[in-house]
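Both of the next two complexes hold chain A, though its partner changes from chain B to chain C.
Coming up: the complex of A and B.
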């Protein structure tokens, strides 16, 4: 901004002429055509009802009225919140693991990083199919392990709640490594002499962890929390691939995004699905806003 | 100063270090093993018979290694055409995003043009919007263009990235201006400056952008599922999700297929581990 103003004063030219447009227009056309305009259109669609043979009519708030009257919305929201809560359990776990991985002089660090990060780069659909076998009620690896300790495992993927828990476990498993990497970058910024001083003062390892590591890591932890919550609210791939779209337990397990997909592309009700989409958009906006408000209370910035 | 750290070191070295490191290795080892189990189990299942996979007592080492499961993948699903589709989508998107996002990012970082602030705000606002909020309308557009079930339709919206533009703008805005000034005085035009001076400097950010785009394109499910309904036209992720519902395909073949589908990205990751992790950590977002 200041560059523009001072440029105007100093020279005869305020702008760089046609060059910037050459650089920026190809992207702008695509972003406006495929993103900005579609968002506006989706907002408009959410107030229309679509005929079976195409064509749509303005029906005002009818979709929203139907949406908020649909028990499936609240169940999907509850499922998404539960999924997010379970995946969030991975954040303290990843703080702990990342700090262990950051131990000075530790061997095999690269190897551990590789292992923890594998789930994040693996195709969610492909790895979900493996988990589907592990959670199988008859011959799954998990129920076999449970049986060793005397527990009779459930039919995970066809039983209410257990299906959601199974999907959440996989969600936690696949997000752990990415959180650890982000936190690891934050840990590198903590000056090592703080630990040396604490050690001289006789502070124990757990004491150092809670008095030095955690407080100084709060900006990274906050960032990881936001990313985890936003990406958990986008739950779709794992759910779709682990349970299958036609699983009888799906209505009791589906996430908000699956609810959106089902409305728009299985039930083919594009107007209603647009209302679902706008609802998800608003919800994520509110959550992000609340988080940034809360951030001021506990994030340690200097 | 040296005394302090030396004292701390000897104290740790004499008593603390060895045992506590052993404990750390136990914790990280168990964690790492749990991370690796599904992959190991997948490899074992892909080499087993259907009966072995469904055995109530798990068969950890199949009697014969059933390599035939892998050839069955190609017989039972259009794997090669799906692989080709995945490769084409990923390559085109990555190339397009690198070109378009670096150019736009550079203009937003360094050039002066009317409405710059507003336009940048418009692009960045996309970052706050979940993909559902434009998916239906994108589908309408692609349908209107007659691109359903085509490569064009699969590739189209992903050619453009608000995130990539943001990433590249950040990269360029943090670079010193002196080099550009020098090139300008030498009479280079903006394209030459961008191409010869700025792009080479932005290489780390470009590779971060490439990594995120490759991961996203290769693994993406929702958009291909919506745009392509014929398995022959799908990329691998959507193809796998579709074949998984087919009861005629047995479990070991399914495991072999999923292993083959994620292998290219996993191998690339293992080979370039450090660069990928650093790139993703610096980009901060998928």
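Coming up: the complex of A and C.
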């Protein structure tokens, strides 16, 4: 925040008139019309009971009262937090992988990069179907392999906690590619002469990694963290496709967004669903804000 | 390094902010379509549209495999009404109801569209679809030509909104080769619950080493526990749509049926059946019987076990019973081309159109007497069972907001089937919650 403020002070210029607004207008119309306005509407509808086909009646805070009294909210929140925590383990992993891929003289770099990136561009539903087969309790590949080493694998997708872990593993796996691309770009910005100097000084590879790569990569890591947390909090399609709508373990595994979906589109309770959406919105907002506050302590900006 | 870093800082911050806003907003906007009032219904009278009526109609459906038969129907329709252009819009099942609801909120529904039982009352009670009272009075559509259970499904408070275009009933798909392998005699057509239970258990015990079970099912209402609830003399929802039947002893007996099968190993358990669906066990030769719908014909007919399959009627419990469901064509009450849409609805319900549907083998057509093509489509398999069961079939249980208590069934019943909790405990819990959901509908 300080950066922006001091920047504004330094470049304090006179008012440019309406022209700048005219240029941003096309974008502004889109953002306001399709994003800001719906958010305001959602906020309004969260205080109403909304008929399936429209027609809302003001019910004050009733939706929020019901929401915070519903144990399902807290379970969904817990599940979402656990999922996010597991997917975040992918961040250090992708820092490591990205720096491996950045090793000078490595052959087939593009090929590896493609392999890692593929899950990110593939359809989540298609990915989920493949993983469903791998995790299948009776006939799945994973349990077959576990059996070879003498472990009797669980019914991954229908057992409490295991289902959440299975979904998290896939979430982690499919987020690696995108994080690596972002971090790879950050790595390219680190001047090679730093490494040369370090090498002359006799620093080992691990020492170079922790003393040069990681600190200079912190802005990229911060960005990846933000993106990963926001997208993890929106866990839905992966969960839905991997577990299926008719899975008894779903109430114990569902994410916040699934809870929203179930309220709005299965139970047709859209006023209540709006309250859930506003809750998710506020939560992500607060988390992101906290991260920006904390970043000053660890992000190496200069 | 410093230069790039500070240059990147501000845009990055903006990017993060925008991404945060956009991703959340995209989610929020999904549930924020504007409110609007219902459109007016059509009147009580029906006069066929003039032959030279000109209009552009949209006809929304969810099943791509039926489009060929629909196109054939439309050719016939256009011979009568050359100036009515119909665009068939296929919306995948996963998006169909969400999209339709959105369109209904903004009064931009397709002129004619497929409706199913669970959703029907929601649209009828909100005045979103047009009654066919006039068509019936004028004799353009005669409900007597269709199964009365199915007519009832599309009747709300005594007003008819559509007639079925097709139907499904449930049957017992049997793998004869596995019966033989286990040394169990094939069932007779009038078997009872006891006969069935003993066959299933014997097969499971004899073929256990091969991982083969006696019975699998979808563990959903329509194919699995609704039929057995009806066979036990129970009900899912009271006829007036106000009360759940799940706390009655008869309904619980219909649920206990499946709990017992899982408990004694005749059937795989709930976890196994969730991870690998009942039909997959059956077509892979891992279960000797599969209680499933007539629509399983395509999948089973093209599977490796197709030549060993035969269909039997469901075993009789306290009474013989089955469940019937069928899709209907309904007209949007707010359609700008109401006359043309009603003309198409009438045409699609005609014997000619229905016969064509049946002959093209897409589904079992609903018009009585047009189903022989379906029955003959798999010689030796006895698909006739699905047609005969119509006589004893009860309508698919629905209310105004069926989906709300369907979720409860899906979430609560597995505990009963798996024996985690007693059937009566789950039954009364489900009944309480379902009654609360039903009370909200009023």
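As a convention for this text, the second predicted complex is superposed on the first by the 264 of 302 C-alpha atoms of A that agree within 3 Å, B and C clash if a C-alpha of one lies under 4 Å from a C-alpha of the other, contacts with A are read in each partner's own complex, and residues count from 1 in each chain.
Heads up, the rule we're going with is that a contact is a pair of C-beta atoms (placed from the backbone, for glycine too) under 8 Å apart; a residue touches a chain by one contact, two chains touch by 3 or more.
Just so it is clear, the model here is predicted, and its values are computed rather than measured.
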Overlaying the two complexes on chain A, which is it for chain B and chain C: clash or fit?
-> clash
Does chain B (first) or chain C (second) touch A:273, or do both, or does neither?
-> both
Which of the two partners, first being chain B and second being chain C, lies in contact with A:85: first, second, both, or neither?
-> neither
Touching A:265, do we find chain B (first), chain C (second), both, or neither?
-> both
Please work out whether A:35 is in contact with chain B alone, chain C alone, both, or neither, and reply first, second, both or neither.
-> both
Which of the two partners, first being chain B and second being chain C, lies in contact with A:65: first, second, both, or neither?
-> neither
For A:231, select first, second, both or neither according to whether it touches chain B, chain C, the two together, or no partner.
-> both
Chain B versus chain C as contact partner of A:51, first or second or both or neither | second
For A:251, select first, second, both or neither according to whether it touches chain B, chain C, the two together, or no partner.
-> second
Among the partners chain B and chain C, which is in contact with a greater number of residues of chain A?
-> B
Name the contact category of A:100: first (chain B only), second (chain C only), both, or neither.
-> first
Same chain A residues contacting chain B and chain C, which ones?
-> 3-4, 7, 34-36, 38-39, 41-42, 45, 132, 138-139, 223, 227, 231, 234, 244-246, 257, 260, 264-265, 270, 273-274, 277-278, 280-281, 284-285, 288
Inside the complex, what are the residues of chain A that reach chain B?
-> 1, 3-4, 7, 14-16, 19-24, 26-28, 30-39, 41-42, 45, 97, 100-101, 103, 105-108, 110-119, 121-127, 129-134, 138-139, 141, 144, 173, 176-178, 181-182, 184-185, 193, 196-197, 199-200, 205, 223, 227, 231, 233-234, 236-237, 240-241, 244-246, 257, 260-261, 264-265, 270, 273-274, 276-278, 280-281, 284-285, 288
Sites on chain C touched by chain A in the complex | 1-2, 4-6, 8-10, 12-13, 16, 19-38, 97-98, 101, 104-105, 122, 126, 128, 211, 219-220, 268, 270-272, 274-276, 401, 403-404, 407, 410-411, 414-415
Can you list the residues on chain A that touch chain C in the complex?
-> 3-4, 7, 34-36, 38-39, 41-42, 45, 50-56, 132, 135-140, 155-159, 189-191, 216, 219, 223, 226-227, 230-231, 234, 244-251, 257, 260, 262, 264-268, 270, 273-274, 277-278, 280-281, 284-285, 288, 301-302
In their shared complex, chain A is touched by residues of chain B numbered 4-5, 7-8, 11-12, 17, 20-21, 24-25, 27-28, 31-39, 41-42, 45, 53-58, 100-101, 103-104, 106-108, 111-114, 116-117, 119, 122-123, 126, 128-138, 140-141, 156-157, 159-160, 162, 165, 189-191, 194, 215, 218-219, 221-222, 225-226, 236-238, 240-241, 244-245, 251, 254-255, 258-259, 261-262, 265-266, 269-270, 273-274, 276-277, 280-282, 284-286
